[in-house]
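All remarks here apply to the structure that follows.
A, B, C and D are the chain letters, set down in written order, and residue numbers restart from 1 in every chain.
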Amino acid sequence: MEKYLLIALFSPLVGSLFAALFGAKPKRLLTGIVTSALLFVSLISSLILLVHIASSDDIVRVKLFDWITVGSLNIPFGFVADQVSVIMMVTVTTVSALVHVYSIGYMEHDKGFNRFFSYLSAFVFSMMVLVMSDNFAGLFIGWEGVGLCSWLLIGFWYHKKDETRDINPSISPSWAANEAFIMNRIADLGMLLGLFLIYWHVGSLQYDVVFAHVDLLNIGLVTLIGIFLFIGAMGKSAQFPLHTWLADAMEGPTPVSALIHAATMVTAGVYLVVRAFPIYSQIPDIGFFIASLGAFVAVFAASMALVNTDLKRIIAYSTLSQLGYMFVAGGLGAYWIALFHLMTHAFFKALLFLGAGNVMHAMNDELNIFKMGGLHKVMKYTAILMIIASLALAGIYPFAGFFSKDKILEVAFDSQHYILWFMLWLGAGMTAFYSFRLIMLVFFGEERYKKYGFHPHEAHWYMLLAMAPLAILAIIAGFFEESFEHFVTKILPEYHFHVHGIVTVALIGVTTLIALSGIAFAIYKYSKGGFSEKWKEHPIYKLLYNQYYIPIIYEKVFTEPYKELSKIAWKELDLRVVDATVDFIANVVYKSGFAGRVVQSGNLSKMLRWMVIGLLVLIVLVIVYSPVR
Amino acid sequence: MITLTHYLVLAAILFSIALVGILRRKNLLMLFFATEIALNAVNIAFSAISKYYGDLTGQLFAFFIVAIAASEVAVGLGLLIIWYKRRGTIDLDSLQSMNG
Amino acid sequence: MDHILSLLVFFPALAGMLGFIVKKENIKVYGITVATIEFVLSLILWLVFDPSNGGFQFVEFIPLIPNYGINYYLGVDGISLFIIILSTFITLVGLISLNIEKNLKNMIISLLFLEMTMVGVFVALDAVVFYIFWELSLVPMLYIIGYWGGELRVYAAIKFFLYTFFGSLIMLVGMLFLAYLYYLATGTISFAIPDWHRLILPYDYQIWLFLAFFLGMAIKVPMFPFHTWLPYAHGQAPTIGSVILAAVLLKMGTYGFVRFLLPIFPDASVALIAPIAFLSIVMVIYTAMVAYAQEDMKQVIAYSSISHMGVIVLGTFAMNVEGIAGSIFLMISHGIVSGALFMLVGNIYDRRHTKLLSEFGGLASVMPKYATIFGIVLMASVGLPLTIGFVGEFLSLMGIYKISAAYAFLGGTGIILGAAYMLRVYKLAFFGPLTNEKNKNLPDLNWKELTSLVSLVAVIIWLGVNPNPVLKPINASVESMLQLMEKKAITKEAKDIFAHNKVELEAK
Amino acid sequence: MVEAVAFYLFAALTIAMFAITVMSKNVLYSMSSLAAGMIFISAFFFLLDADFLGVVQIIVYSGAVMALYAFGMMFFDATKDVKEKNPSKKIVFFLSGMIALLLVIILLSPIISEKVKALYPMSEEVGNAEAVGVVLFTKYLVPFEVAAIMLLVAMIAGIILASKRMDESITLKIDQEIEKEQKGEL
């Protein structure tokens, strides 16, 4: 089985390096095909591992060689395929294999075709390292690796120039890429500190050693570790206040958004919390904080999605919101539910993004949904696929989202955090509304695109074909709930519900109700032409539309002062104070040399006089310091 | 009784006279003379010490000083003559080309 | 093998002397050949080096002035081994990429001479020999900056020389006094560093001597606030000068910390952790900010060098194996990475004769190979895992975390700020539309530049993925050094730190 | 007693002579008094049992050196009074006076003579000249030879310097003249 593990891990890397060989060359279809094929190899290996583990409960471990050995620190390149990581592996490889196939069509006219596949496969490799590593350091490698690939891919169209926020809220791909990288770095520092803390008190970064040892540590320490690790998770999963990069990351090509910024990378934070459950289950207070933050983000992000006009940004906010849901589950100790939602979300959100990609492709990269409408006539399949995804997202039975999301609400209610439950419930309604607002504005209603002279067309058949499995999974994944629970709770703790029967049914009913009413409201409102223009002047609309002004606040509070400060540090402090002091000392020496130059007038009789004065001084010294007294 | 100290004090006085000459005179020739006086003062001191410690080294030192003084005079006078030929003066203040 | 160190030290200089009779057309080939032989010699040294032995190996001892304990005393341990290889490697790579027309012969001869002094500093086990090489290294560098530099070269060269020279003189006084103390303690004078390592000094003396040594080395590092010579030197020096300055010469300072300060003055080192950590943290954050404000590409990298050196110093004063070994590894990785960065800036300077960021933009589309290599090196510089930059930074910060979490946090902000200024440079130079007409037809890297850069990139990735061959010898030497320090410690504070500066499993 | 009388007499004479040397405005007077002072100094050497040195003093100083000076002075206009613009005399006398005073203080203080051990003790049996000769040609042979060479060199140097046609010597031309020459003005 070790063989399959290594194949699953390294075939994306091979694909990436292969594509990199042609990096700067013109498009070669071969690179797309090879990388996709290798990802399918990886997918199949992951499935084989899944079946193997499911059938035998045998955890596969591989240790390649030692990475860092210093003092008592020993970090190996160790990989493990257990119930949790194999689920992640399957999810990641499934979505990425399909996205690869899809990208062959999506990127067909792009100059950087080969480069794109190289980056994309490199991303998959990093993600596999992240999920398969058997220690925190390996996780960190993947963690940074996906950050790097995300940077490369967000900034894929690096040649675009910077715009003002009014024209493009993300300024430019390269700006967005840098923002994402730096934001993640902030969180990574937290995570690094967490690793240090673990190492100095446990002496190892191996999961099993650390988790076996957690019980022995005092609770304050565990709390601190939990906080530090969660800071890392906050960055990668774009939780408030480190969330702004995710919406801006939509500057990358859409398959990237589907794979990285919806399905896989952003869920790494959730994965970390799930993976580190022995730590988090020790510290329910921090868990509750995580859940609260998650619930807040769920509503906060959904509210921004309500009014946005950018096709991809809406989906990005919805991702953010769903990540909030996952953290609620993770924070409240329902680790397997968080993981389950992570998986179903990966499927339907990737589907949604790929659908959005089709639309963009059809509309020449136009993103404003108010310039679309009535597209279902030309893009029938895309419309169907996106509606399936939206239904799943809204949590309608029997789509996958229903099962996972509903469980999270149940957990919130069951653990008696009714406020959280209420927020999530509200979020569910908002989710349903904005999803169908998007569907309505894009696919139905007046055909506004004609006004702008677009000629939309359906995407390639293989792009649709690539989306089909995701659609199927978005529909049926929910029915695997029981077996999923059974499978992962071999590692993860079970969540025991206290409420049963009628209350559960009522909860499901209430939730479904708000989701349905959200959908109904959206359909009703937008079939009639949407909200009035006056609404756009409303302060609440503006607040939401401008993302609560947070990006601007960040710019005013952090970015610009930092720029100013660094200018001051350089021009005022470094040049005028530090360097000037050095030069001043040098000048004093230099000037005193000039002053002393008078002595060397060249006049011999003066020199003689100096000589005699020197002699006198020496004689005085002889008398003063005479050894004979 | 004449002791070593007498000689040494005499040497010191002579040396100071030489110093006066060195400081006061601007004529290079006079400076040479003053230098000779200083050397002689030291010679006296050496031979006095030599005598009172019963050691010949002092005398020999004085002897070498005499040799050096002789060479110094030979070379110095040569240079002085050249200088005088070129400048028409042997005033110390005319030696200003070493202005720093 | 007995005299391999002497061979390593003097071969380049002797070959450099012979270089005077080599024809002008052949001098470059000659220089590269010599540097290659030297590099191979250093690799042989590594090959025959016993990684499990923490002590000095290949020791050579010839009495020079036995009455004053001054001897020709060479030796190498895990701490110095890789810095030696770094020196020879960087010299070789620098020579390959050398792109100078003016008086090439003198340049190559000075480089070979410089190589001798660099290797000499790292193999010297006698303080006098160390000091001689330490000072001699200034001479070729002064010449390189002063002759081949930019407009302000004379100012920069003199500032570099006088500033570092001033520091070294204070260090020299410290050395003399230390030898005198050794005399008082044992009755014989000795300048041998291993002898000094065994000397237990009273606390007061330790503090004063520590400060004397520290000042000399801190200027070389350069620690804040003694850093202002560096931007000038880098700004004016030719590419090769900057490469060697950043890659190796700065390491002399931090190497001195490890070789002199820690083992000779363990108590003073422990007592002064806080102020030094403060300086290093200021250095990390402040210079990172200054780097962010720069308009000149090379200055960004110059300041980034200082910022990274701050992390090295932090790691050194972590007083545990992880931190010190990490800081030594970081010295090597910083040497490779900053060398590569300066070379890259040199490449673009050769093409455009400007380093101003405002002149560039969108270079990624005209020079994809260049952009790729720059990207990889940049990522190594910001410390991405699986590149050489991560290992050292991770270990250094991990080490200092044991001393204080706050130090680790503040020093760690360097990884955020580092990403900020490096990505800013990358964005301004490589991203965005290609606006400047002059950039539209820039040629991509030629084979000469590619050879040198690819070899650096190969090292960056190889040691990033598999740092253990390097870490193992370092680990052994650092461990034996720490044992020595623990044995020597006299103050309670120092004893505490050495006793508890390791992983301690906690039981509830 | 005789010794004391002789010492004081010659001391007074020497001091007087040298004072005249230093103070006189006329070079001829100075030189004459210097020669006289030199001869008086040799008296001290005889008093100190350094016969050889005394003889050398008279021969070398009063003979050779003074002759040199006398010949040298022929090049200069020696009859004129020397005109000098002297700086403040106060400083001169103050400095010299202070030095004299301090030297006297130093020399008056007791010297720890017990520790001094003669390297080349004087013997009563042989004469001074003989003893000096023995030491000079054994222990101080090399310095003696060096001194001889030095004298030779000085002699040659003196001859060359004084005899060369100075107008054309490049080595001693001052910079301005060289420049002029280069410009073709000379």
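Following the convention adopted for this analysis, a contact is a pair of C-beta atoms (placed from the backbone, for glycine too) under 8 Å apart; a residue touches a chain by one contact, two chains touch by 3 or more.
It should be emphasised that the depicted structure is a prediction, and the values quoted were computed from it without experimental measurement.
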Chain pair with more C-beta contacts, A-D versus B-D: B-D
Whole-Å separation of chain centres (CA-atom averages), subunit B against subunit C: 59
Subunit B and subunit D: spacing of chain centres that average the CA atoms, whole Å: 4
Approximate Å spacing (C-alpha centroids) for the pair subunit A, subunit D: 96
Residues of subunit D engaged with two or more neighbouring chains: 91, 95-96, 99, 103, 111
For subunit B, residues contacting two or more additional chains: 19, 23, 26, 93, 97
Touch-based graph of the chains, sorted into line, ring, star, complete or other: other
Touching pairs - complete list by chain label: A-B, A-C, A-D, B-D
Parts of subunit D lying in touch with subunit A, wherever the complex brings them together: 87, 91, 95-96, 98-99, 102-103, 105-106, 109-112
Subunit A residues within the subunit C interface of the complex: 23-24, 65-73, 137, 140-141, 144-145, 148, 155, 158-162, 172-175, 178, 181-182, 185-186, 188-189, 192-193, 195-197, 199-203, 213, 215-218, 221, 562-563, 565-567, 569-571, 573-574, 578-579, 581-582, 586
Touching residues on subunit B, where the partner in the complex is subunit A: 19, 22-23, 26, 92-93, 95-100
Residue ranges of subunit A in contact with subunit B within the complex: 597, 600-605, 608-609, 612
Of subunit D, residues touching subunit B in the complex: 3-4, 7, 11, 14-15, 18-19, 21-22, 27, 30-31, 34, 37-38, 41, 44-45, 47-50, 52-53, 56-57, 60-61, 64-65, 68-69, 72-73, 75-76, 82, 84-86, 89, 91-93, 95-97, 99-100, 103-104, 107-108, 111, 113, 116, 118-122, 131-132, 135-136, 140, 143, 147, 150-151, 153-155, 157-162, 164, 166, 172, 174
